[in-house]
Structure formats: C-alpha cells, structure tokens
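Per-chain residue numbering starts at 1, and chain names A, B and C are given in the order in which the chains are listed.
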Amino acid sequence: MKKEESTAYFMITPAVIALIFTVGYPLIMAIYLSMTDTEVGKSESFIGLYNFVQLARSPLFQTAFKNSLLYTFVTIAVKLPLGLILALILNKELKAKKFLRGIILLPWVAPITISAIAWKWMYDSTYSVINWMFIKLGLIDYGILWLGKPWLARVSVMIVNIWRGTPFFAIIILAGLMTISEDIYDAANVDGAGTLAKFWYITLPLLKPVISFVVLFSTVMTISDFPIVHILTRGGPLNSTHLFSTLAFQIGLSTGYLGRGAAISLFIFPFLLLVVYFQLNLMRGKRWEY
Amino acid sequence: MRRRLIKRILDHISIIPFLLFAFFPFYWMLITSLKKNSELYNLDSIPIWIKEGITLDHYIYLLQKTEFLTWLSNTIIVSILPTIISLIISFPAAYALARLRFRGAILFGMGIFAAYLIPPTLLFIPFSRVISYLKLSNSIWSLIIVYPSFMIPFSTLMLSAYFKTLPREIEDSAMIDGCNRLQIIYKIVIPLSIPGVITSTLFSFVFGWQNLIYTIAFISSSSQKTLSAGIATELIRGDVFYWGSLMAGALLATLPIVLVFAFLMDYYISGLTAGAIK
Amino acid sequence: MKKEFKLNKEKVLVIMFCSLLLIFSSLMYVFAQDSTLRILMFSSFVPQNDEALKAIGAEFGQEKGVKVEVDFVSIKDMYPKLVAQSDSKSGHDIIGLENLLPTTYKGSLLNLDDIIEEIIAQHGPFANIAKEICYQDGHWKSLPWWIVPFHSTYRMDYFKDVGEQVPRTWEDLLRAGKKLKAIGHPIGIALSATGDSNNALYQIMWGFGARIADSNGVVAINSPETRKALTYVKELYEKTMTPDVLTWDNGGNNRYMLSGIGSWTMNPISIWVIAKRDFPELAEQLNHYGAQYGPMGRHGAGDFYSLGIWDFSPNKALAKEFLLYLYKEGVMNSYLESGQGFNLATHPFFYEHPVFHRNPKISELIGYAEWMHYTGWPAPADKRAQEVYLRWTVPNMFTEVATGILSMDQAISKAEKELIEIGYKPAK
C-alpha cells in the first residue's frame, strides 16, 4: 500500500506544482476578490459575503441566474442525445469516414469568437441568410427577428451553442464507443439480443464514465460560456440572454466593480464543487470489468 | 443481403442532417468571403451563391494588409507548446488518479478541476498580476505559461476516464509477473492508451487555438497576437465589420486544425482497433 | 533503483521548464527596462488614424531619442485590458480612454493640470464637454482628444420624394418619418443593448428636458419630461420604424442604410465613407446634419476620446511631453487630416481645420462638441453614469414602452429602481 501511495505522489507532483503556480494563487485571489468591494483605481476592503447577498437580491442578477441555468440545461439536454446519436452513426462502417468526421468536427474546431460573428451576420435582421432561405421556401412571409425578441434571442444563442457543442459530445462518446470490443456484442447476438437491448444493456452502461465525463465538462463550460452571448446579443434584448459571465463582464470589467464581478462569476462555485465531488467519486469508485 | 444494404443506406442518410447543420455556416462563410462588397450588401443578391463574380480581395487584404501570418504562427506556437507540456504533466497524474489508491486522491481531483470552476473572465485578473510580475506582459510566453492551467485539468481527467476503460487485468497480471509500475506504464499502458492520448492532445490543442480572453488581457502588440485577437482588432473597426475578410479569416483560422485532425484521425483509428485486441 | 530513475526524469523536466521560464523572464526584464514610451489606443474606424498615430509617435521618438511603441486594440477589448493594467499596476504609459473611463480610473491616472494649462495658454479653453469628462476631483485626469459625433445621416432623395426638408427638430422627424415609412423607407434608431441606442435616446431625452438624475445625483427620471420623451419614441417606433431596430448592434443601422432601405438614422460618417467606397450612387444621396433641436434646445451625444497617463508609469515626464507634442498645431493638424473628417476636435482652435471644410457633408458637423454632453448629463460624470450606460437602463426603458411590454409607469419605475440600485439618491 505504502509503495503504491508514494508512487502516486510522485506521479502527481508535476501536476500539483504546475497547478499551484497557475491556479493556486489566482484561484485564492479570485475568491478573495469576490469578498471585497474592490473597484478599479480604489483601495479595497473586505466585506465578506455582502456582494453575494446583494446579488441574490438584485433582479438583474436573478435574471442572469435563471438564464444561465436554462441555457445550460436545455443545451446539454439537446447536445447529449444528438452527440450520442451522431457518435453511434459515426461508429458504423461508412464511406469516407475520415472526411465525414472532419466535417462534423468543424463547428467545434473553428474559433468560437469568429464563428459567433458569422452567426451574427446569419441572424442579421436585414441580411439574414436563414430568413432568406425560409422566405424562399415559403415557410415565412417576413424575416424572423432572431435577436430582437427575448425568447427568440434565447433560442438563437442556444442554437449556436448546440451547433458548436454537439461535435464535442460526439467525438468523446465516439472514443468511448470504439473501446468497446466487438466480442461483447457478438456474445449478445448469440444470446439473441435485439439492437435496442444491446444498446440499453451493453452500450450505455459501458459508456457511463465517458458520458459522465463529457456531461460534467460541458456543464461547467456551458455555464461559464461567454463569447456566444457577448457577441450576438451582449446580454440583451432587455437582459433576456445575460449569463453569469456576460453580466460579470459588464459589471466587473466594463464598469470596474471588480469585487461584484468576481462574486457574480463565483456565485455557483460551491454548487459546482459539489457536482465535481460526486462525479469524481462516481468515476473512481467503480471498477470496470468487461 | 438486402436488409444489410438498406441498413447501410439508412446509416448514410441519417448522417445527412447532421452534416448539413454542421457544415452550412462554413459553406456560407466561404461564399461570403469570395463575394464582392457590392454584392454582399445588395439585398437582391442571393446569399448562398455568387452572381457578380468571385473576388479574392478579402483574402488578399487579410494576408497583405494585416499581420495574419504572424498571428497564425503565434497561434500555432501557443497551441503546441503548452499542449506538450500539459501532456507530460497530466499523463502520470491521470494514471495515478485512475489506478492508484492514495490519500487525497479525491482532493487532488477536485483541486485539478477547480481551475475550470473559475471562469477565465475572472481568472485573468489574478493571472495578469502574476504575468506582469514575471515581466511577461505582451509576450506570447505569457500565454504559454497560462494555457496549461486549463489544459492540464482537461487532459488529466480525460485520460483518467480513458484509463478506466482499459481492462485492468493486463496490468494486474504484469504486476504478478514481477514488473514494477514504471515498466508497466512504459510497456503496456502507453501503447494501449495512444488513442486516448491523441484525443486529449487534440482537444488541448483546440482549446489553446481558440482561447481569446488571455490574449486580450496580456497582449497588445499586433506582432504578439493570436488569430482570434488579431482578426477581431483589425477587421472590426468601430461600427464597421469587414465581413468578407472576417469570413476569410474564419476559414483560414479553422483550416489548419482541420488538417491536423484529419491527419491524426488515422492514428486514432488504427490505434484503437489495435488496442481493442486483447 | 527504479525510484531514482523516475525521480531523475521528472526532476529534469521540471528543471528544464523552470530554467526556460527564468531565462525568458530575465530577457523580458532586460528588454522592458529601457525608456520606451508605450501607448495603447483603440483601433480607429479609419485605419489611417492608426497609421498617423504611429507616425507621430515615430517623429516624437526621433526628436527625443527614445523608442515609441503604439499598440492598438479594439474598443471592446480595451475595457478588460485597462482593468488588468490598473490592477497589476503595470502596462502601457499612455492609454486611450473612451467616454467616462477617466472617471472610472481617476484614482490611477496622473494629474495633467500642468500640460492642460499650457495648452489653454497657447490655444484657449477646451469645449465644455471636455472639462465635464476629463476634470475630476479638482484635477485634469486625461487629455481631451477627439470626438465621434452621433449626428444624423439621411437620404436626400427619399426626403425629396416625400416633399420634406432636412428634419431639424424631432417633430419634423416624426412627420417626415411617417411619410417615409409609407413609401417603404422607414427611419431607424437602435432600440437595443448597444452604444448607438444610448447615444440616440439620450439626445431625445435631453431634447425634451428629461434626465436620469440631476447634478446632485438625485434621481430625476420620474418626470413629465421623461413621459413626453417616451410618448415621442413610442410614436416614432410605431409610425416610422420597423422592429428591425430591436436587433441592432452598432453596425445594424449601417447595414440598414447601406441596403438602401433606410432613409434616416443617427450615426457618424462611417456609413457615408463605406458607401463612397462600395456604393457610390448611394453615397451621392447621403448627407449629414448636426444635433437635433427639441422643445428644450439642441443637444447632441457621441463618443468622447481622451488620453491618460497611468500614475504608475515609469515614463511619466516623457509621456507628458508626448501629450503636449500631440497638441502642437502641426501635429494635431496632421492627425485630424488622417481622419478625413471622421474625428472632430474637442478644442475650438481646431474646429476650422481644412479637412472639415472640404466637403459640405462634413462641414455641417463643425463645432458639434459645443452641443454635446456625455451620456448621463446632467448627473455628475462618474462611475454611476458609466454603469447606467453599460446596463442599458435608458434603452431598456424606451424599448419596453415602445414595444408595449411595459406601461410607461412600469417602465419608469423599473428604471428608477435600477438607478437607485446603481447609487443615485432617491427623490424626496
């Protein structure tokens, strides 16, 4: 036991050192910042959880809070099944597999800031190519104001997030799919299992570590998503698309209320920490035997 | 036989909507980047086709009038170096997390993840202090140091999850045969985990390629900027968007990674099929 | 045995990494310490502005025998950069400041009283708005530089078609706009979360005598004047505009005008400049005019640019000399020349620069700084006004009323609550 432990400590040392340097200090400072009334160009004082209390009362923050949860929940609820289906399809014997996989990956691989700008033009009230197509196809008479009405704007930013995030899910799940050996399916076939049964009783359980990994990461990344909303709507119209990060940017970085901005960014930090804790236990706890 | 043929056709058809959804914006970006400005703003023109003739002006503007190539090489450096550093650091850490029992494992896992829980739009402030203290402001080295902060957690956890899907028996039996950890890792784990390593490397690379906030925070000179930063500065001036060049820039900024992925996909596939054989 | 082997490998890697780091930091340290004057500015709409600034920097550098580096970032990126620099107390020496940023950073900016006094002695006083923004807590905190006026741009041909002249008052605009919408060429003002929206709506408010707060910082938005302004904009939206305006970013109205649909909007000359390049026929028909008249006078808005020096800069004296150099007649003239009329002067001495007289479409705008206020006026120029600007309080209020989402009372009361949350004092 001891040897295993000391081996482990050796192996994690570089990571620990790197992370203390790159994360330890900045992390602590960021948390400290959220508990002060720091503003740019002014000296700060420690105010404990005051920022958080103020935020909880602020209608603007409550809106951003609800938006963030909605945004994360809906997009992941769509990205997961889509990514799973896509991975299953890509796992089959298809012609030009490499080419297909390359194309599928494009949305995720393209720098998001620039593709967000492209989507902005695609949603433009005057020049939208989407409206143009819909009108030509006779689906609508007037252009849709993609970014003009609150609920519509929410859907529009979610579409961009889903467009961009599904490949991420697909590729990682695909990697998991590919490690499942054919033998198991063969054995199941011998036993007379149908496609659905094979999927439900073999594929899904074996994909669990991979799926929980990708959902965890995506949750964290989506909840702190910034460029899509910032570029498409800046949080508007009427604050309907504000997320934690865009609000933090507006209040913290644009106006200069660093303490408040930090508090916004960190508001759900404890909650996320809990999620990570459970995920890690889940991942480490089970022993996977084929 | 027919059933299989129908199945195969269905398989191919079912991917079409995904392909269209993924690819259409890029097709449109391509068309836009080749259109003349006059047609671009013309309401009567067709957005998905070019009527008035292709122009390479936008590409020429991008490559001649801006420091695009410098940004490209910066982005390459700033994506590759930290990725390699992160891989070297996360591989052993991931193995320990996946296979070894030690006190503080969960704590370590959570600590690694903590970097992700602080959004970069906040984290860059303390990082700025560190970077300016090290006198690395306005240099791509600031990015090379900071990028591992989000690459290491991702690689470690991804590789860890990946290691967990590899059968334990091989290592166990090797241990019984008298090999120690190092030999096991070297001779067994590394070869088996190549697909996982490649995948996590590719992902780290893409994260590095795309990152913008740290570039904005630390870098001001054009010669040190990465692609996203440079494009946003030079091609969006006030309220005027240089759409043609923006789209051209988008495509040219995406192309290298696609090539990298395409190239490494081969290894990925062959490595996996080899690894699945017990 | 094996353990040592492992130790060595790791140690070597760690050592390599650390030494690389060390080498580079020392290199940077060495190079960063010479007297280089470092300037950070917004990349201008007119690329020639950037070139001119670099050239001016080079000339200055030659004269003084120092290196001058000018870096450009986009306006949006400037905000986080300034935060990072002021927080880490390191960065450039001279920084570009938009609108009320001097009030945000007044604690970290060097006092520029001496150079401002010298300029005033040479050329006379600045425009009022310059003092309103740059003079904080008894000191000049930044050097006023140029403004981008938010004036009106319109299609002469469409107005002629409906038998209307240039709409000098808001009432004229409403009347003309109804006719223009009827012939398929509506007008447009952004009603969205964008700077243009702030700039336009504040002008309308001021024209009717409305304001967010008074000069003592007491909330004043709940007033008959505000209601007049809201009524006006609601009618304007319904009768003369289309819902497109709800989606606009700063470039939205540009695109609207360039597509040939729009007949009138508020925007600096960027629309006309792009039109000249790509749509000469359309450019022929475009024209501009200065601030609009309302029942309570003529008020304009726009973007105000000034230059500040960080008080932690290692090159304070040099930076001050540069700022003074910028206002030398020849130097300022060459800079304004490069803008081709896009940047207007903030100092009356330079109002009549030839570049503004070459084209009647630009000479219309001379002296705009005289009617211009910072967004937030007459409330004090401080962080609260900046926050109101960035939280889109005014655009949201007008949007809610114009689209009917909220009643006037509801919208005003919501805005009032927000203003109080931001820090203004409640009215008695």
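Just so it is clear, contacts are C-beta pairs under 8 Å (C-beta built on N, C-alpha and C of every residue); 3 or more make two chains touch, one makes a residue touch a chain.
Bear in mind the structure is a predicted one, so any value in this text is a computation, not a measurement.
Asker: Is the way these chains touch best called a line, a ring, a star, complete, or other?
Answerer: Graph shape here is complete: every pair of chains touches.
Asker: Name the chain pair with more contacting C-beta pairs, choosing from A-C and A-B.
Answerer: Greater number of contacting C-beta pairs: A-B.
Asker: Measuring from the mean C-alpha position of subunit B to the mean C-alpha position of subunit C, what distance in angstrom results?
Answerer: 36
Asker: Rounded to the nearest whole Å, what is the centre-to-centre distance of subunit A and subunit C, using the mean of the C-alpha atoms as each centre?
Answerer: So the centroids are 34 Å from each other.
Asker: For subunit A and subunit B, what's the span in angstrom between their mean Cα positions?
Answerer: 15
Asker: Tell me, which residues of subunit B touch at least two other chains?
Answerer: As it turns out, subunit B has residues touching two or more other chains at 41, 43, 88, 121, 125, 129, 145, 213, 232, 236, 241.
Asker: Residue numbers in subunit C touching 2 or more other chains?
Answerer: Where subunit C meets two or more other chains at a single residue, that happens at 6, 13, 80, 83, 87, 249, 255, 259, 261.
Asker: For subunit A, give me the residues that contact two or more of the other chains.
Answerer: In subunit A, residues 10, 14, 126-127, 249, 252-253, 258 touch at least two other chains, as defined above.
Asker: Can you tell me which positions in subunit B touch subunit C when the two form their complex?
Answerer: Spelled out, the residues of subunit B in touch with subunit C are 37-38, 41-43, 85, 88, 121, 124-125, 128-129, 131-139, 141, 145, 180, 182, 213, 216-218, 220-222, 229, 232-234, 236-241.
Asker: Which residues of subunit A touch subunit C once you look at their complex with the stated criterion?
Answerer: 10, 13-14, 17, 39-42, 58-60, 120, 123-127, 145-149, 233-239, 249-258
Asker: For a test of understanding, state which residues of subunit C touch subunit A in their complex under the given definition.
Answerer: 3, 6-7, 10, 13-14, 79-80, 82-83, 86-87, 104-109, 192-194, 243-244, 246-249, 252, 255-256, 259, 261, 383, 386-387, 390-392, 396, 399-400, 405, 417-418, 421
Asker: Show which residues of subunit A lie in contact with subunit B when the two form their complex.
Answerer: 1, 4-5, 7-12, 14-16, 18-19, 22-23, 25-27, 29-30, 33, 82, 86, 89-90, 92-95, 97-98, 100-115, 117-119, 121-122, 126-127, 129, 132-133, 163, 166-167, 171-172, 175-176, 178-182, 206, 209-210, 213, 217, 220-221, 224, 226-227, 244-245, 248-249, 252-253, 258, 261-262, 265-266, 269, 272-273, 276-277, 280-281, 283-284, 287-290
Asker: Which bits of subunit C are touching subunit B when the two form their complex?
Answerer: Residues in contact with subunit B: 2, 5-6, 13, 17, 21, 24-25, 28-29, 32, 40, 43-47, 69, 71-77, 80-81, 83-85, 87-92, 148, 196, 249-251, 254-255, 258-261, 267-268, 270, 274, 277-279.
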